[in-house]
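The two complexes that follow have chain A in common; it is paired with chain B in the first and with chain C in the second.
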Partner chain A sequence: MPATLSPRKALHEWQLYLFLVPSLVLVATFMYFPAASAIYHSFFDWQGGDAARFTGLANYRRVLNDVVLWRSFETIGILIIANIIKLIPSILLAVLIHRLGSEKWQYWYRVLLVLPMIVPGLVRLFIWKFFFDPNFGILNKVLDFTGGKTLLIALDHHFLRWGIFHAGVPVPWLSESHLIVPSLIIWGFPWIGTVGVLIYLAGLQSIGTEVYEAADLDGVNSFQKFIHIELPLIMTQVRLSLVLLIIGTLQGFGLQFLLLGANGGAGGSGMVPGLWMFNRAFSAGEFGYACALGMVLFIFILALTLLNNKYVRVEK
Partner chain B sequence: MTDGQTIAKGRKSADWLKHLVIGGILLIEMFPFYMMLQISFKDNAMFNRSPWLPAWITSWHWENWIFGARLVTPYLANTVFISVSATVGSIVIAVMGAYFFARYRMPFSGILWSAFLVLMLMPGVANIVPLFLLLKEMHLLNTLWALVILGVAGGQVFNIYVLRNFIEDIPKDLFEAAEIDGASHFQQIMNVVIPLSGSIIGTLAILTFLGSWNDFLMPLIVLRDRQLFPLGVGLIYLDGEPVKEWGRTMATYFLASLPLIILFLFTMKLFVRGLSAGAIKG
Partner chain C sequence: MNREKIMNLIGLTLLAACFAMALTRVFSRTATHLGSDVVTIRFAHYQLESGVRGAFDAIAREYEKIHPGVVVEQMSIPENVYPTWTVTQLAGGTAPDLIEYGPSTGSDERLARYFQPLTEWVGSPNPYNKGTSLEKTPWRQTFLDGLTGWPNYNTNLLEIYGMPNTVVTIRFFYNRDLYRKITGNETLPRTYQEFIEVCRKVEQDGERITGHKVVPIAGSKSNAPRITESLFCGQVQKLWAQYQGDDLRQANGNEAVLRFAVLKHKLSLYDPAIQSAYQITHDAGQYMQPGFMQLNREDAVFTFTQGNALMIATGSYDTVSLTSQAPFEIGVFPVPSPTRDDPVYGKFVFGPATEAGAPTQGSFLLYMESKHKQQALDFLRFMTSQKMNALFAAKSGWLPAVIGVDVDEKMKPFMPEMDGYINGFRPYWGADTYRVIDNNQYLLLGSDGSVKKFLDALGKDFDAALVSDSQSVNKTSRNNLLRQDIALASYMQLSRQNAVPAAAKKVSELNEIETKLELDLDDGILEMNELGFPPMK
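Our next item is the complex of A and B:
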């Protein structure tokens, strides 16, 4: 803990305040000011120019009746649930690596894990986009090769009745309205999050080998070890990544934008709230309305964060 | 004794299975990069004939790589400029800010600290629209400086948050000794803080650098002139071309990844340790 200074001594050390000035100025200009501006302009009919007409709560009333927005919240809800399930492989991988006897291997697996991180996110994204390409993509080739396609055709014919899978016709993953959300869910298989795995591994490190030896002597099986020893120890980290993931998914729209464009793809199936805000601002020029959409998103995220602080205590 | 041995043996044979599973997962994880590399030497016809295996070396299409290199080089210079300036600026300013919070508890320290922490809750997405208009007012649209400044500002909260913890852990005696020797606050930062928190500064620098390198949304919004594009935006434009020669595209992707791969080779330990250690802290 830093020592508290009496006001007199602090006056003597006044130069210390200068050290904070650059950060403060930057943060005030590029974070506080835009936020204040967003709140202010959310009450205006504003095309981004000098002319802004005060319209009171009109933007917010429009938000309530905005079909696209509420549908986009449904989509993002599905994606959030999918992303929560996608946390599981990272947890399992961390536990597996941790259970290895050899420290050397643990280190090398960690290095290998970090490797995908050094490939720029965009390159990764575009390679995956290539996987989904109807004619050249790997996904369709795998489906043809393994017979998964036949299964999908049968599924479509008997249950889904979408009429989108046909023998001999490549599956248009990213341009078929029904398939956009499933594609976004498959995206990134096997869903290993490098930072996540490293965080879990750090949490697991506090388990000593003697705990495992005692468990072995008691004849505890692997699954019980996971539930009773490992999972409780990384619960803090799991909760933390859960919160970050939900907030991240809720405000993210880069992936949807790059894959599907500002309109959210065929039938707007890939429209998410962030993208809708972006779309209103930069495609439609409705900056005032976009600000209001941003505020709605902000309120959702703030509510989630507060809920989390109240019910899900993360110990430091 | 025998019990202990069977346990040890049991663990070992199970380890074999674990290696298999971990290896399998990592292989799938690497698969996209394998595909990128091997396709980069083929043309579309070759890829259609045999999509999975690398082509024989005599039939490699090196011109894919020449195409990629020509495309990437000008973008690369912009990206390096943005990322390096943003990282240096962000770290220098954050170290100073963190020093303010960590050295003494000054009047208003508490309020200022909460003012920083609140920003962690603020979603960036709501800010994009006003930020764009602010940059327009400041005549920074379509300049690289806009991206540098945004990078510096954006990194402040997290970097100060982490650095404050580390600077507070430095023994007070060291500061006091320096003070008795007549060191100013600036000299104390140079001679006490920086040498002692070198590794965390390195880690934060890498994270800031990666963040800036991988950002594509702000560059896409801010920049209009092709000669200012960073790598990411360049790749987005390449992706937008209607007819694709996949070999060329993949070669370009690989070349676009190369700088980070080289950086990683030199800073591997810092990467792995820093990410793990940073994970423990917060």
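Our next item is the complex of A and C:
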């Protein structure tokens, strides 16, 4: 346990604390003030600008009956589960790179992973939008070439009964209600996040070689090493990724906005809470209500983070 | 110095150089504003089409020549982010002096709150028209439409807000070579039936003749409404006239009558005219490429200019862009709509709609909090003078908005067609009804779509959205009334004190505006109360 300082000793060089002031001012201005303003305006009928009319809890009462919002949580639930599953490729790649015998090759694979980061996220989104183009997009061309389209037609005909896959008709990924959520899940394939891989690699590299030697002596195979050694020892990083993933997925709407527009696409299937908040603010001009939606979202994120901290335990 | 230190030094130097460059660029942009004698006028727009920025730039430079000490800065914002950018700038108090009218600027609430009404100045001649035929003409009357309607004149606030630069008409641009190859002639469709025949021919023979897949119409979520809304409005002409009665004489009509008719179930979305309107839009949608609803305008232009579509419907503003991108000759023709003789769709129409009401557009609004309001207003006068509008038209390839400006030969097919009938109404009445219709359009326009599926899906969501939009309209009326109250009270006081000569006239004008707003609000509240809904959100 760190030794405690007496208040007298702590304040002995009080002038040093002044160096914290600029950072605190910036954090207060750009992080806490907007949040406080949002909390304040959530109790107002506010359409942007300086005119606002106090309405008490009216916005929150409206949130309780907001069908579009609650439906959007269903979509976000599916996306959270999908994104959790999408953590796996990053973990596997980190393990594969970690197990490479040559340090030189490990370095080059890390470089190859980091290089795509220079492409702005927005550009990647536009490229994926092009992939989804029904007439020129690579996704439909791959499906036609590999025969995947035939499989989808059969699946649709016998099981799904959506009536959207037809021979000779390009698949409209982003303009068909049933395909929007699958498109949002497919986005980003093969789902290898550079930052995630690097974080897991850092965790894996802290595992000593003697652990692997002992495992080899005990006749442990590769898969068992992963399950019993590597995964438990990177659980701290996985837990961090999980928290960031949940927060990011709940808050995020940039992907849906770019691919589907502010109304959430066909059938409103792509509507997520963040996008609904944006829609209310910028399409309907209901900034006060959008702030109230933001507060509700904040409560959800807080609740899920607390659950994550409680149940995703890391054994030291 | 060892290798590692040298590499680190190179990296650090590169980083420092990039930072220095970025700093220089940012500060050099703001340095021109720091000179105490320099007045900077900024104007923002979202017209990134070929030639337009150059045209605005030329006007700005001409203004700077005759006004040394004034710098005019153009801000071009991409259309996708323009609504968000505008709202953020307005709410943050950092908006440029002049902002182009666009999505998110045009609501009554935003106009009344952020923009300066120009009504008091439009009655005087534009000094920059001196020496021309418009020298003595009031500024308002120098425009082709006399600023009588949207987007320049707001019929709720009874004020003029926008000063336009162009007139926009919608046409079909077509690939002349491809048209000749597929149809075997150059005869353009004059009726809706002939148009559908051309589309069918493209579908049947296009691939055989050209060797690759060709769709009749390049569609996108931006381009498709050019056709579908035009066809929809045509089908509901008689219905609109039935509900407007004497109000047919008004430029914009009274859409509140329709809203409440739907809410009271006196008018149903299953009305034969409305069903016919959706049917014709469904039919048009079948001739666009699959999945067009997910595509942007650029995708449709790409499809057309690559020779994969015979036609594209878009505004006259796209003429220069399309002709510069397309490797083939382009022709134009108007969007054919059904006449009374049409065997399928003639029942509900008067006839093709007139473009006499085609509003002047590309309008700029004066930001109320502008630090250089008078200078910005002066620049607006300059920009919309006959000489500068001619320069704008010549450089941008767009139609002029000012009377007496010659129209280039190649732009003459875009001139508004005056003969015709009033058009019908659009199928949505606010942000929420638009959202519900947008969300369900795939059931109408998709390859498996139908009017029944679409209307059945609209169901309860549409009613709830209509209630929400009606409540928003009432709230906007109330907020505008509150805002006008302050101005009215101030002018009444000034008038009593005889402090300002024009105060009495202003009181009279504001009273007129307030009366209209109050009547609209009272009607709206009464109707909502009768229906059992809260009048406002």
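Quick note on the criterion: the second predicted complex is superposed on the first by the 284 of 316 C-alpha atoms of A that agree within 3 Å, B and C clash if a C-alpha of one lies under 4 Å from a C-alpha of the other, contacts with A are read in each partner's own complex, and residues count from 1 in each chain.
In this text, a contact is a pair of C-beta atoms (placed from the backbone, for glycine too) under 8 Å apart; a residue touches a chain by one contact, two chains touch by 3 or more.
Predicted, not measured: the structure shown is a model, and the values here were computed from it.
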item	value
Chain C versus chain B on the shared chain A, clash or fit after superposition	clash
Which superposed partner A:Gly193 touches (first chain B, second chain C, both, neither)	neither
Chain B versus chain C as contact partner of A:Pro172, first or second or both or neither	second
Touching partner for A:Gly48 - first (chain B), second (chain C), both, neither	both
Which partner reaches more residues of chain A (counting touched residues only), chain B or chain C	B
Touching partner for A:Gly121 - first (chain B), second (chain C), both, neither	first
Touched partner set for A:Ala284, first chain B, second chain C, both or neither	second
Which superposed partner A:Pro34 touches (first chain B, second chain C, both, neither)	first
Of the stretches 25-33, 133-141, 151-159 or 187-195 belonging to chain B, the one that collides with chain C	133-141
Chain B and chain C contact sites that coincide on chain A, given as residue numbers	48, 281-282, 287
Chain A contact footprint on chain B (complex, rising order)	3, 7, 10-12, 15, 18-19, 21-22, 25-26, 28-30, 32-33, 35-36, 44, 47-48, 51, 93-94, 96-97, 99-107, 112, 115-116, 119, 121-134, 149-150, 152-154, 156-157, 160, 168, 172, 185, 210, 213-214, 216-217, 221, 231-232, 235-236, 239, 244, 246, 249-250, 253-254, 256-257, 260-261, 263-264, 268, 271-272, 275-277, 279-280, 282
Residue ranges of chain A in contact with chain C within the complex	45, 47-49, 51, 62, 67, 132-135, 163-164, 166, 169-177, 259-261, 263-268, 279, 281-287, 289
Footprint of chain A on chain C - complex, ascending	83-84, 87, 90-91, 104, 107, 109-110, 113-114, 221, 289-295, 299, 303, 308, 431-432, 434-435, 438-442, 446-448, 457, 464, 472, 475, 479, 483, 537
Residues of chain A that touch chain B when the two form their complex	1-5, 7, 10, 13, 15-17, 19-20, 22-24, 26-27, 29-35, 37-38, 41, 48, 89, 93, 96-97, 99-102, 105, 107, 109-124, 126-131, 136, 138, 141, 189-190, 192, 194-195, 198-199, 201-203, 213, 216-217, 237, 247, 250-254, 257-258, 274, 277-278, 281-282, 287, 290-291, 294-295, 297-298, 301-302, 305, 316
